Structure formats: structure tokens, C-alpha cells
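For reference, chains read A, B, C and D in written order, and residue numbers begin at 1 within each chain.
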Amino acid sequence: MSIPRRIGVLTGGGDCPGLNAVLRAVTKDALFHGIEVCGIEDGFLGLIENRIRPLDYESVSGILTVGGTILGTSNKANPRAFPTSTDADGNPVFEDLSDRCMAHIEQHGLDALVCIGGDGTMTGAHPFTEAGVSVIGVPKTIDNDVFGTDLTFGHLTAVDTATEAIDRLHSTALSHHRAMVVELMGRNAGWIALSAGIASGSDVILLPEMPFSYAAIAEAVERRRQRGARATIVAVAEGARPAGGAQVVRDVDPLSPDPIRLGGIARQVAAEIEARTSVEARHVVLGHLQRGGTPCAEDRVLCTRFGHHATTLLREGRSNRMVALVGNQVTDVDIRTPAGRQRTIPPDEPLLDVARAVYTSFGVPG
Amino acid sequence: MSIPRRIGVLTGGGDCPGLNAVLRAVTKDALFHGIEVCGIEDGFLGLIENRIRPLDYESVSGILTVGGTILGTSNKANPRAFPTSTDADGNPVFEDLSDRCMAHIEQHGLDALVCIGGDGTMTGAHPFTEAGVSVIGVPKTIDNDVFGTDLTFGHLTAVDTATEAIDRLHSTALSHHRAMVVELMGRNAGWIALSAGIASGSDVILLPEMPFSYAAIAEAVERRRQRGARATIVAVAEGARPAGGAQVVRDVDPLSPDPIRLGGIARQVAAEIEARTSVEARHVVLGHLQRGGTPCAEDRVLCTRFGHHATTLLREGRSNRMVALVGNQVTDVDIRTPAGRQRTIPPDEPLLDVARAVYTSFGVPG
Amino acid sequence: MSIPRRIGVLTGGGDCPGLNAVLRAVTKDALFHGIEVCGIEDGFLGLIENRIRPLDYESVSGILTVGGTILGTSNKANPRAFPTSTDADGNPVFEDLSDRCMAHIEQHGLDALVCIGGDGTMTGAHPFTEAGVSVIGVPKTIDNDVFGTDLTFGHLTAVDTATEAIDRLHSTALSHHRAMVVELMGRNAGWIALSAGIASGSDVILLPEMPFSYAAIAEAVERRRQRGARATIVAVAEGARPAGGAQVVRDVDPLSPDPIRLGGIARQVAAEIEARTSVEARHVVLGHLQRGGTPCAEDRVLCTRFGHHATTLLREGRSNRMVALVGNQVTDVDIRTPAGRQRTIPPDEPLLDVARAVYTSFGVPG
Amino acid sequence: MSIPRRIGVLTGGGDCPGLNAVLRAVTKDALFHGIEVCGIEDGFLGLIENRIRPLDYESVSGILTVGGTILGTSNKANPRAFPTSTDADGNPVFEDLSDRCMAHIEQHGLDALVCIGGDGTMTGAHPFTEAGVSVIGVPKTIDNDVFGTDLTFGHLTAVDTATEAIDRLHSTALSHHRAMVVELMGRNAGWIALSAGIASGSDVILLPEMPFSYAAIAEAVERRRQRGARATIVAVAEGARPAGGAQVVRDVDPLSPDPIRLGGIARQVAAEIEARTSVEARHVVLGHLQRGGTPCAEDRVLCTRFGHHATTLLREGRSNRMVALVGNQVTDVDIRTPAGRQRTIPPDEPLLDVARAVYTSFGVPG
């Protein structure tokens, strides 16, 4: 495996602060070392549809602070199983389009790919690795749930955004002597809720990893009211659920008449607080606000470090690696590391103790 | 009517940025002129329950930048019709507690009240005016719908917050080639949606004052897609509704199975865009985020001007006035001016033309 | 005078938040009405050097939130007196290049110019008006000192920036029991210092319009210390000066050994506080921070209104008008209105009373 | 050594974002475990002057987001060498007041001290350790230069603030085709300039650790201009200096006629750029802006972790430890670790390579 002469770069999966910052670092670093760069539009979709264009210094100038991705992205565009038509019942028919992608890769003379995305994006690049293309993954999630790295880019900005939002809700909760329930992203991993919960001084934090009890939440709210606290803030990850209860999935079918599915867990928690205590409760769902905006300074530095490391690996003739942060060192792991695994909050996570010590409850008794 | 020696001040109705800034200005200005100040807790509720305490310089130090109200507030605490018990069917029984309030006012020697709130708060002060207490109202709303003033405090901060949120959503919409529907406050008056829509460069603005057509929205989204626009942003006031359709009211009954009521108008608009176009749509409801946070500089100046004018009126021996902004002059109107009327967007509002000219559609044909 | 078919637009003078927002509104509004738009680079310099390029929807897409101007700007590029060479002593020789500019205007078929800038920019357009080109001015300043309009765009954002900065300094001043002196823009007009001073709860405000007394400042600082205040914040406009003293001009000659000129007025005030009281004093000069950044929501709306009005005037066949805000109405005045006059703070400005009433001193006795 | 029953907590040295957040965590965590807490006002000064007061939940409620320290702080209040009088020549006479401090510690029954501060604060606690008081240090600096910990709290917020400021200056630099020189804190360690420089996409970064060459800076500015870059941003640490040149110290004597001392290094760099290139240069000194404001989310989490670990150590009967972050683990080191050493940027720091790779120059040739 030799040093690449021209590389392709793409961004896949959901939007995330810092995508452009990584694109910029990869592009500038590659150009600096005499490697040409092509941008692939809308993730693997652009590879399938042959939407590939050269990137120069000018292309990435001024994008460091801009949210989103100048290349566009796509969800669920898997080259090995792409929905190309529908059957008689209207169900999608999937086709393996990886050969078509390889033809486009060869047409543009790309020796290597930098794939910026989550687990799905890493996996989606598999066929090209097998065909001899060098692939480096750069792990991205809001949720920080990619296995193999202590931190993904985008997460710190999402925590910032969530924390600022909870700060803002605090004053209203205090003025009205209310409980305010804030729903944050995190289907299986509650890192945003845990960090933003601590950072905002939330009083109750509900995580997917720790099934909660409505009775315990109600008790915490009442106890606070009785000792004079003017407000209770509940930070709830979207994937949190009561012990024995089902996870509340939102946005599955917007016209479904099922109120729980429609409302999300925050609404449910607020309703239960009102039913079980004498405290008024309101809820807010931050949703996509957490995906957007300019990356925070720490994320911009991390993105630049990650992008630099990706091209460094390629220049060293390496492939099938995912850039990773371990402790505070940028390093790399096998690109298959995250496949089928998620980095959730372990029971012995120190932040859990920290939260408890500053008097936060997790909605679980004890 | 003579110059008061001791005044009471209260904040009523929903939370709003700048309440503390007005409290600070009223208190500092009064103390500066040798007038004593008492803070009444939780709006009229504190008057009913005799929770009244003196305010000095120290009490209001450092609160200028803090959202919410240090006095607390209450919704719907009308002294003339206060729910004191429930009848056999569980319905509330209302009682006139204005005499009790007057007793507390006399007990604390309050010659005058400054009532900071919306229309309901102005009206709630009526019995005391009749009993000879000087009353000055300071108009507060997020929505800027108080009749008699061109601007209420809190509105500009809400517009700022909404605009920043839409900025943040823009990058995600662009990255995913999506329509993003953002629901903003405004049940009957769409000022937040109109101003934040223009300030954020939203492509479609839906207002309570102009019933819209789903077909027209879909057409705007499709037209934009066809001419290469990567995203469409729809700013929708919570009270907007389709022509011929009912207003979607949220939060009335969180456990109701009615999906439209539960979902709010933003969800509905997003669902219709997905049903009528080939564009993916997502929605976000800003909700209480718009009520909180530190007031913006303009609001802090306005609050300080309003608070100063309120005490100036009292020092001039005047009563039954509501502070108002006309053009850019602080002045005052009869306190009954807003009763039963709302300042909605008139059809000839110049901002409507401005929005149309920069290519914003209002979801109405033509 | 008929409706223009193609217009030129330029931005002149110092950077100011909202320039891009006006450019966007002018361009979109003109295109919407079938008028072509050309952007002139770097103010009148681009007219002299024939750097003129067409603007379309794409050119102004996404610039609403971006500080600065995509066209670039230039200071002091007066077409009638442009420095083209230097004489034997190295002094500039000025030439009248207005004919050359007119040739370029005709070459590009521009019927009209929209000149976004301050007083100098309005005046600079004179020769073209005389030659029959329709000219509309859009008033821009950080300082809000353009005569003929109650508000220029950019000012509110500068006040926001200054207020946020003072908020930030407040906590340090409190922690260290210090006086903190913050220098804000405003050579002849103190509007930024007055508004940001009130918005930030500054304790002393020093304005160019009101020569101050060091003794009075020292007395205010000492009085505050004695009654237990932990900090004193002084907001000083760069053009403020002591009664009988000369204005301190900064940045004139960076290598000059004159400490007052070098240090600016904020350093001077801090030094005098330390010399006259027992209170430690520090100073910060915000400088160019006030010119940059994304415009606040109110400014974006104002810019959009101003840009819309500029093209509306052109479409109505009018010329030689400057867009203006009077009260809260967008209107227009003769473009020569601001020439040779500045909108400074009048002695009867209501904000002065408001500031005094919330206990702010102006550094003047009494 | 046994578990303490009552502890004192103080904040020393310069203001820093997150002081209150640590105070809150220490207090809440101690109270939660049945340990009483006393706050010592203004650092060691309060210990000397016996200004010590109990802290309860209410005392630390709502302070998480507030910059500064509710206890106040003092610089250079060393118990072993405190200036108590002046000699005939007006020079301070220092006295050892540690016995007086110990008497106050005993009077209030404090078994342990948590000292939040920098190297000086750790050292200042020495006499009490020797007298048998348990002491835990929590390392605080803007500059991140405390030896023994990878990160101090406050640093990330300062980097955020600096980055936002440079973002804001970028648009002005671009509009005017200027070089903009921004001076950031860091006398001996350039971490803020390095991180904020990378995060903001600065083109030249000048660090105390790497003496620079004006010729190299000028060359970088010119080279950028020639290849069409519209602006050059220079991030300079206050302690950076040209090779062979002396460090520029500001604020030593505000009335000194020495222009270099007065102006600071940023002014000097701007002047040299103007003298050596055809590019206009401006400078801004952020100064105290970097010390204030609400801590960012990451800092709030770090502060809470640090405060929790401090009390955990005390509860485990340990003393003479300084809380530290190593990698991303909170741990602790001997409290004497930082004495006489500073954590500066080593020549093999990976961020230096990262910066070079994205095309940042360090003002040194090569």
C-alpha cells in the first residue's frame, strides 16, 4: 500500500457540528502534502450517483465556523443494500450497488477514502476496502456512542447547546415554581443528558442505561418543593424509559393516534409529575437544535486534530483505521471496532458519582 | 392624589425576559426619590396570601441580567374570581378576594401598585384602583400583542432567541436537503414568527392572522427544491391554521389521544409537506425556550425606561396609566386600553411587504 | 427619471454588522422586480478600478448572518479626491477620478447606485448624481451618529456586543473589588456608551457630549466602595474627555512616545481612579470587536427593511434620497441631510434621565 | 488523620471562570456527607482578617452559571509574607501572619482547607499543612500552566471566549483586507493562543515558547495577500517576543512613556506588519474579557468533578494533595508538584504539528 495521490472525502449519517471543520482539515492537510482531494456529495449517495468534485483551498475557506456539511449528507445510503425500487406491496427492493460505486471511485482516480460518520458510515465503506481502496474513518456523533473512541466530535457542542437551553429554562421554572422536563438526544447512550445535566445543575437526570421509576421522580420533586426549592429541572435522554416500561419512540408515524409515541418521553414524564405531585410541570424537546450551529472551540480543535490524523494515516500508507481519542491522545483503532457495539454509560462511570454528590437524582430509588 | 410614600410592585402572568430589569428600575428609581418599595410575591397570589416584603438596593443588585422574576409570578390569579374550593362535581368555586387583598395593601401602607404583566394583570388591578390605590401598569409579553403600546418588553429577546434557534437549524436543513418547520410562540398575534422569520431568512412564514394553504406551502417547498435550494425553513406561529381549519391547541390535555392537538401545528405542517412533496421534513417546537434567558441589550434598556416612567408617573401623582412605547418615545395610556383587545398584525403591516420582497412566502397563494 | 434596469450596489467606510444583510435585501428585492444587480467591490475603489460583477440569488444566499461585507469596503476612497501619487516630499497628490468612475458606470449600464455607508459614502456619490445616475443612500454606522435618521443599522449589534462584554467583566470586577473601565466606540457621539452603559448596569458613563471631572469619578467610586458595593463599572466612549482637557486620540501613531495618545482614555481613567482612590482599577478597550460578528435579530430586520426601501425608491423613480428610520417607520430624507452634521446626544435626551434615575453617574458633578 | 467535621474553602489569585462552580460542588458534596463548610472571604486575606462565614445549600444555589467567585479573591496575599506597613522609603514591610491565620482556623474549628487557586495559592497554604490542617488544592488558571495537571478549570472557557472574539474580528479583517492582531493571555505558556488560534483558523500564532521573527510574520502576511487571501489573523500570546528581543510587559506603569511597554506586543506586531508589508494592520487586546463570563459546559463539568474529588480526598483522610486531570481521569498529585514549575508548550506538542498542517505559521521560518 502506497501513499495516495488523490483521495475522496465524504460525510455520512445525521448532521453534526464540526463536519465542515474535519473536511477543512483533511483537505488543507492533504493539499499541503501534495495530495489531491475530491469531495463526494451527500455521503454514499454521491458515490452511487457519481456526484464527485475536486476540493481546493478556496472550497474549504471560511467553513471552519459553519455548522452542517458543505458536501451534504445522507442517512441510510448503504452501497450494499440500496433501495432502488419497490415491490408490488410497496416495500423497498434493495440492490447491491457497490460495483457501481467502485467504478466511480476508479473513474476519479481515488486511491483512498476518508469517511466521516458514525458506525453505519464505517460499515458502508467495507466493500471498497475489500476492493483495495484505503479507507480511514473519522467518528462523528452527537451522542458520543461510537465504540472505540473516548470522544466523537460534535458531542461537546451538543452538550453546550443543551446546557445553554437548560440555563434558559431555569429562570422560567424558578419564576413559576415549576418542574421543567427537557428532552435531550440519546436513544441508547445518555452521555448528552449526563454531561448537560451536570453542567446545567439539573436536579433529576434520566438515562437510557438506568430504567427509572416515576414514583422516585415524583418523590424527588416533592422533596425539593418541601425544602423550599423553587424549581426542579429534569434532563431526560430521549431513550430513557421507566423500569418495566417500553421505550418511547418519537417521529415514527406523525399521524399515529398513539399519544405516548407522539409525545415523547419528556411529555410523559411531565404528565406523570403533574399526576403524582402538586407541582406544575412543562416540557421542552430540544431535538434538532442539538445537531446544528457553529462548533464550539473544543470541537473545532478536535475536528482539526482528527482530520490531520486521518490524512497522516493515509500518508503513512495505512488503511482500515478509525481515528480515535483515547484519554487526550489522538490515535486510531481498527475501523471495524465500532461495528455492532455502542459506547453506553457503564455503571461505574465516575460522572454518575459526581452527579449524585452534587445532589442530582437519577430517578431511581436509593 | 398625592405622591406615594410606599409602593408595592408585582409581576404577573407568564415568564418573560426583562421582568427583573423592570423590577430593578422601579425599585432603584423609587428609592432614589425617597419612596419605599415592597415586593409582592407570585403576582396577585402574594397579595391574597399576604406575602409582601421590603425591597432595597441590595435586593435588586445583580438582577438586571437574570431571566425570570425574583418575586415569582402566577397565572390566572384574579383577585375578583379566585378558585378557593371545588364543588361536588370537582369544578372550582370562585370567590372575590379583593377585600382581603385591600386589607393587606393597607396593612403594609402601600399607596400605589406597579403591576408588571399582560392584559390580565392590568385588569386584575381594577378593584384596587376603585378603592383609591394608585395603579400603574407595565406591559409585558413575549408576543407583543398588548393593545396600546407599539412594543412590550421581552418581545425583542424572544425574537433573538427564536432567530438564533432557526440559524442553528439552518445548517442541518441544508446538510440533509430538508424542510425544517419551527414552531414559535404566538396564539393570536404572529409578531415573533414575522420578525424572527425575516431575521432568520425563513422561506415560509405562517401567521395566525393569515390562514394558510397546505397546497401553497407544498408548492413553495417544491419550487425551491427545483431551482436548487438545498433547504426550506418554515417559521410557524403556534396559532397559525389552514384556511377553513381549526386552530391546533397544544398542551390542553397531554394524555388525549387526539394526534393533532398533541402534536401542535409544526408537526402537522411537516407531515403535510412530506405527504405532498418529495422533500423530507422535520419540526422543532421552541416552546418555553422563548420565555427564558437573559434579556438582550435592547430589552434591558426598554425595561429600564419603562420602570423609570412607571415611578415617574407615580411621583407626578398619576394613576390608572399603562406605560407604553409609541414610535420610539416612552409615554403612557389609560390602563384599560388593552382590555379585550389584542394587537395583531394588520393586513397593511409594512413588514409583510418587506418579507414578500425578499422572497418569503406566507403560505397563501399569490 | 425612469425605473432602472440595472443597478450597482457598494459598501463604503468602516466595517459594520449588517452590511451583508442590506446587500442581500437590495439584491433579492431588485431581482424579484426584474432589475439586474451589479456588486461594486471595495466601495468607490472598485468603481475607480472597474471591479464590478453581477450578483444573483446565489451570490447573496447564506450571507444574512455573516458579518462584514462580501463586496469588501474601503475607507476614504473619495472619487473626487483620490490619492494617485506622492509629491517630492512624500505627501499624497489627489486627483479627481469621477469621470473614470462614470465611464465604468456607463460601461456596465448602471442606471442607479445604492450606496451603503456613512456620511462620507453619501457625499462620495455626489458626482454621479450630478451626471444623472440615480443614487440612494443607506445609512450605516456603529455609532448611530448619522444625521437625518433615528437609527442606523449596525448600532444595535454593537450595543449588544458591548453589553455582553461588560457583563463578562462584571464578575471579575466583583471578585476583585475593582473598578473596571471599558472603552467603547464613539468619537463624537456617545450612543453606544449610553445604551450599553444602561443595558449593562454600568455605574459611571462617560460621553463625548459631556466633559467629565476626574474628581467626580473618583468620588463616585469611593462612595460606592463605602456603601459596600463590590465593584464599579465605568463605560467610557473613546471620545470622552475631562472638562478643559483634550480628547485622547488613539492609533494615530503607534510608535509615538506620548503615553496618553497611546493608552487611550480608558487607561487614563483607570490610572486616575487608582491615583485618587484606594480602589484598584483595570481597563479594557473593546475596539474592533464592536464592528464584527453576526448582526442581531433586530439589525437583520432593520437591514432588510432598509434594503427593501432603497429599491422601492428606485422603482418609484426617485433619486438622491437616504433611507431613514423616524420613530419606528422606515422613510427617506434628502441624501445631503447628513453632510457636515452629526447626530450627537442632546442635553435633553430622555435616556440621560433614565440612567441617572437608576443611579448611574456621568462623571460630572451634581 | 481523620475525616474532617468542618472545612474551610477559599479562592485565591486572579479571577477565572468556574470558581463558583467548584465552590458549589465542594459545598454540596461536603454537606451531603455531613461535613460543615465555611467560606473564607477574599482568599488568604479573609483568613488574616477573620472574615469567615458558614455556607449552606442556599449559599451556593444558582451560582453554577455565574462567573467570578461569591467569596471574592485576592492576589498576592501570602500569609508568610504579608505587607503590613511601609518603611521610611515607602517600601512595604512584610510580616509572617500565619499564626494569626491558624488562630482563626482554630477559632472556627476548621479541620481542613480546600484552596482553589494557582501555584501561589497552593504554596500559601503551606504553614497550615505544617500545623496539621488537611489541605487540598484545586488548580485554577486561565493559562493552563499549572504543572502536574493536564488541564486546569477556566482554561476551556477562556479559549471559547478568545475564539468567539477572533471569529468576530475575522469579518472585519476580510472586509478591509487587513491583518488583525489579537493579543491573548499567556505570559509564559501559550496554550490559549495555540488552542484559540487553531479553533479560530488563525493564520499566524505567536507563543512565548517560540521566539518569533518579524520578517517571517511579514513574509507570511505578504504571501497570503499575493495568493488572494483577503485577510490575515495573527493570534499572539501576551508573553510572545521576537527572537533576541525582550518580552513586552504591559500594565506595569500606566504613566510610563515607554511605548512598547505601554502598547503591548499586539500593537508592536501590528506596527511591524504595517512597516514591512503593504497590508493595513489593526490590533485588539482581549485582556480581562478572558477571565469573566459564565463557564462553558465542559468547564462546569470539570469544576464539579474537581470539587467532588477534593471533598472525596478529605473524606478519605488524605491531605496535601492537589486535584489533577491526567488524560481524562480526575486524580491527584502532591500539592507541592506545581511549585516553581510551569506547564509550558513542549516542542513536541502534537497541536503544533496540527496547526502547521492546516497551514498556520508560528512566525518562525521553516
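One rule holds in what follows: contacts are C-beta pairs under 8 Å (C-beta built on N, C-alpha and C of every residue); 3 or more make two chains touch, one makes a residue touch a chain.
Owing to the predicted nature of the structure, the values given are computational and were not obtained by experimental measurement.
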{"item": "Shortest chain-hopping distance from subunit A out to subunit C", "value": "2"}
{"item": "Neighbouring chains common to subunit B and subunit C, by label", "value": "none"}
{"item": "Averaged-CA centre spacing for the pair subunit D and subunit B, given as whole angstrom", "value": "42"}
{"item": "Whole-Å gap between the CA centroids of subunit A and subunit D", "value": "32"}
{"item": "For subunit A paired with subunit B, centre-to-centre distance based on mean C-alpha positions, whole Å", "value": "34"}
{"item": "Residues within subunit B bordering two or more other chains", "value": "167"}
{"item": "Those chain pairs that satisfy the touch definition", "value": "A-B, A-D, B-C, C-D"}
{"item": "Residues of subunit B that touch subunit A when the two form their complex", "value": "11, 14-15, 19, 42, 66-69, 72-75, 161, 165, 167-172, 174-177, 180, 230, 254-259, 262-263, 267, 270-271, 274, 282, 284-285, 287-289, 291-293"}
{"item": "Touch list for subunit A against partner subunit D, complex", "value": "24-25, 28-29, 32, 64-65, 150, 156, 159-160, 162-164, 167, 195-196, 198-201, 294, 296-298, 300-301, 304-305, 307-308, 311-312, 326-330, 350-351, 353-354, 357-359"}
